[in-house]
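Here it is: the structure, laid out below.
Every chain is named by a letter (A, B and C) in the order it is written, and numbering of its residues begins at 1.
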Amino acid sequence: MDKAKLTPYRLISTLLLVAVSLTFIFPFYWIITGAFKTRDAIMAKIPEFFPSVWSMENFDKLFINPAWQWFANAVIVSFASMILVCLTASMAGYVLAKKRFAGRALLFSMFVAAMALPKQVVLVPLVNLVSSMNMHDTLWAAILPSVGWPFGIFLMKQFAEGIPGSLMEASRIDGANEWQTFVQIVVPMLKPAFGALAIFTFINTWNDYFLQLVMLVKRSNLTISLGVATLQGEYSTDYGLIMAGAALGAVPIVAIFVAFQNAFTQGIALGAVKG
Amino acid sequence: MSTNIFAREHKIQAQQTRVSYYFLLPALLFFVVFVALPMGMGVYTSFFKYTMSEFKFIGIDNYLNLFKDEIFVRSVKNTLIIVVGSVPIVTIFSLWLATIIYNMNSFSRSFFRAVYYLPVVTGSVAVVVVWKWIFDRYYGILNFVLQGLGIINKNVAWLGQVDTAIWCILTILLTTSVGQPIVLYVASLGNIDRSLTEAAEVDGATSFQVFWRIKWPTIMPTTLYVVVITTINSFQCFALIQLLTNGGPAFSTSTVMFYLYHNAFKLFEYGYANAMGVVLAILIGVFSALQFKVMGNKIDY
Amino acid sequence: MKKLLALVLTMIMVLSMASFAVAEGTTTVTWWVFPTFGQPDGAAPGTYERTIADAFEAKFPNIKVEIETIDFQNGPDKLISAIEGGTAPDVLFDAPGRIIEYGKNGKLVSLDDLFTDEFKADVASEDLLGACSDGTTYWMYPISSSPFFMSLNKDKFESSGAIEFVNLEGDRTWSTEDFLKALDKLNEAGELGGSVYCGGQGGDQGTRAFVANLYGARIANEAKDSYTIGSDEGVKALGLIKELVDAGKLEAGTDIVAGDEIKLYVQGILPYSICWGTSAAANNPTDFEKISVPFPSDDSVPELEYLVNGFCVFNNNDDARANAAKELIKFICDDEEFGPKNVLATGAFPVRTSFGNLYEGNPEYELLSAFTKYYGPYYNTMDGFANMRFEWWNMLQSILVGTKDIPTAVADYTTNSNAAFAK
């Protein structure tokens, strides 16, 4: 690409880059190999960098627990949050960008102010509230509160501002009502934004631990993150088993990420450049 | 005639407002129910002695007690160390890595970008448990390797010592925090006007000048975004601490978020925990506002 | 708009289904269990409990039992979030520490009606009955009880020569002096010392018993209105521990919790466990032979902590469920077949004397039975117990990592723990 000058600076920094990369790859490598190590290998005085015996014993132990259920729950929670966020945020972001109405400025600044607010701050009230709605310890309790977080609205608004007003005007002249205009004109224009927000929300929810920790209690209701944390509590230094759980949670997402890396990174970058 | 126009405009305005609120309704509903309402309840109950069995108005006592609570003060300090420590490191480190990665061919670029993003997609809990294993005093690979290299001569309790535990936390936080910024920086370096940098180089500008005068202003919005996001994430760092050190040893890794959870779920001091939440929200608000003030005035939105 | 509508409708449906699923004639009770029952042949947690529940459901066809297994590390937090979230279980199998705290806070149903004269006469121990009540109301229905003690890895003690200082006769009581000599032997042989674990709260009775016994200190006073490790004996014991840690003869367990300590012992890393008990033994088979001993003390007369296993019923504002829950715990504890069987599954001694000696001819249990005469005063139902536990492991941490000197750490612990009595 660039002029390939091999300056000492570039040489050293590339070497450093590779060295630092190892710190980022190693944990993932250690999860995968650890998951297949035997109990003896895990506890050996001299660790095996590469398993000498590939064993399924950790997975056998893992699936005594409802691990698939945990995985499915995590997928459900992440997908549901993703869909709800995209839906609510696109509608709100669109009008905030394109309509002039009473209270707009106030609402928008309120959303922006709340963006930095971590969910944890409202921990106890949130649990009480969810409880009063009879939702505690259901997957909804881990989904709905995360939809309230207004980052998506902000993102969608930034995107929607780029939609030419003339398009919507034309649609209206053709006799489309507001909803039709939104679905037929605005939504297609917001496609990249949907991509960005969907990825962002999915990963955020997948990585969320705190909200799920206080909202989900029953073993069959846990997500894979919570499940792995629970295994850690129950089996403490039985690292092979814990890595098996971690691998179950991590591998599918990493695989999706590797397969769609460009879409991913574009989405993330778009989201931020606009946001 | 003119009144007619006003009336019509007024009507359009009213109709626009109504339509807008229909569209806003779902988002507002979620926002009010799951953000605004709990926040209100949190602020309200922070003025109460609120435990499992008690609910008694005590004015600002919870807040006064906070500042007398040495663990809370310690936790605030740790939180600030984590934020102040991680934000510049994450920003500078990711910018530096991004510049190297950006100059590579497209295969290596994708490869390294993926590598640095890997901890993000691995999932926070998975990352924490594997690092716990790596740092483990008895089974950890770190102790094995360092002993093999002769750097240490007996197993070190990395997570059990005041002077190492916080560094372990920061290391892991760093690996999970730079993925997104690197992606952003690589993208935003692509937006730099090539002709400008080349012109400057022709004029004999040093690479430092080129960076500072031409590249920096272009990537400034990204930097602001990175700084704000990293700040918020660092303030929220919880899983890391709960699963790795439980705030210890001797509160050397306790953060406000952790201590809040601790008060609510171990000591049943809900009102007190809510007061902490309010203070934390204010703290984050002040930080974000400062960042916007310092860096934001150069940027158009 | 259709999509949105569909979504909202589904949501409403799901929510309402959740609330009227119970409308039929059967009552469902949820039963949460810590890993106290041993599982047959290393089966998954909850397996044994399920067999009890199946037998119970056969006897009471209109009651259904749902079992949730929790662990000592995350379980306590889950209980709190369930209590605050309105999804508390009906029955919890635990010990007085938490149960009495919940009872005092009005979260439980009084079990006074289960404490009949017949039952009280059968238990025949004021201490055991006292452990189930906050002084006015019975909150916990007990099933079994057993001491906490130490377990030594026989191989490691023999190969290092430390076994020489272990008393294998009689009640196996030993002195602090002998314990120190044994530590020296282990150390010379290149073995680690035991761990003074304090990474979290669970299993803290082990470290408390260890510290208190070294020089005959007490965790609480006779009147049970003050926490007293700040005595000269207590401070001296903590000083000794700090010295041993600095000398590399004990491990500073600031990064591990009780569950880790047990695992590390079972996996052959640590030479002994100070968090051992019948449940730990039932749930953690080892490859090596173990020696159970009481905690070492300066006068060779230990004061042991003990566990009382029992059940409580949460107040979920539903009499039918509360009554069904009481039936369940009566069945678990008192059923002719399952009562004794369940006691055996906890690996502990029955609280009912009428069950007789369930461990006839088992030398290990003859020993444990001998340990019961060393039981110290039971302080787990004192006010501020939850607070004291929190202060305890934090005190150990600050001493072991040296952020506070011992007198300061102990003074802080004492002040904060006793604050509960000032209220």
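Quick notes
Here is the rule we go by: a contact is a pair of C-beta atoms (placed from the backbone, for glycine too) under 8 Å apart; a residue touches a chain by one contact, two chains touch by 3 or more.
In this text, all values refer to a predicted model and were calculated from it rather than measured experimentally.
Following the contact convention of this document, A is the list of chains adjacent to both subunit B and subunit C. The greatest number of inter-chain C-beta pairs in contact is found between A-B. For this pair, subunit A with subunit C, the centres built from the Cα atoms lie 38 Å apart.
If you average the CA atoms of subunit A and of subunit B, the two centres end up 15 Å from each other. Shared contact sites, meaning residues of subunit C that touch two or more other chains, fall at 4, 77, 81, 84, 256-257, 264. For subunit A, the set of residues that touch two or more other chains comprises 43, 84, 87, 124, 128, 214, 229, 232, 237.
In subunit B, the residues touching two or more other chains are 26, 138, 264-265, 270.
Those residues of subunit C that touch subunit A in the shared complex are 1, 3-4, 7, 11, 14-15, 18-19, 35, 44-45, 68-69, 71-75, 77-78, 81-82, 84-87, 256-257, 259-260, 262-264, 267-268. The touching residues of subunit B, counted against subunit C in their complex, run 26, 51-53, 137-138, 154, 157-162, 165, 245-246, 248-252, 264-268, 270.
Of all residues in subunit B, those touching subunit A in their complex are 13, 16-17, 19-24, 26-28, 30-31, 33-39, 41-42, 45, 96-97, 100-101, 103-106, 110, 112-127, 129-134, 136, 138-139, 141, 144, 175, 180, 183-184, 186-188, 191, 221-222, 225, 228-229, 232, 235-236, 238-239, 243, 257, 260-261, 264-265, 270, 273-274, 277-278, 280-281, 284-285, 288.
Touching subunit B in their complex are the following residues of subunit A: 1-2, 10, 13-14, 17, 20-21, 23-28, 30-31, 34, 42-43, 46-47, 84, 87-89, 91-92, 94-96, 99-104, 107, 111, 113-114, 116-118, 120-126, 128-129, 144-145, 147-150, 153, 178, 182, 203, 206-207, 209-210, 214, 224-226, 228-229, 232, 237, 239, 242-243, 246-247, 249-250, 253-254, 257-258, 261-262, 264-266, 268-270, 272-273, 275. Subunit A meets subunit C in the complex at residues 43, 64-65, 84, 87, 124, 127-128, 130-138, 140-141, 179, 213-215, 217-219, 229-230, 232-238.
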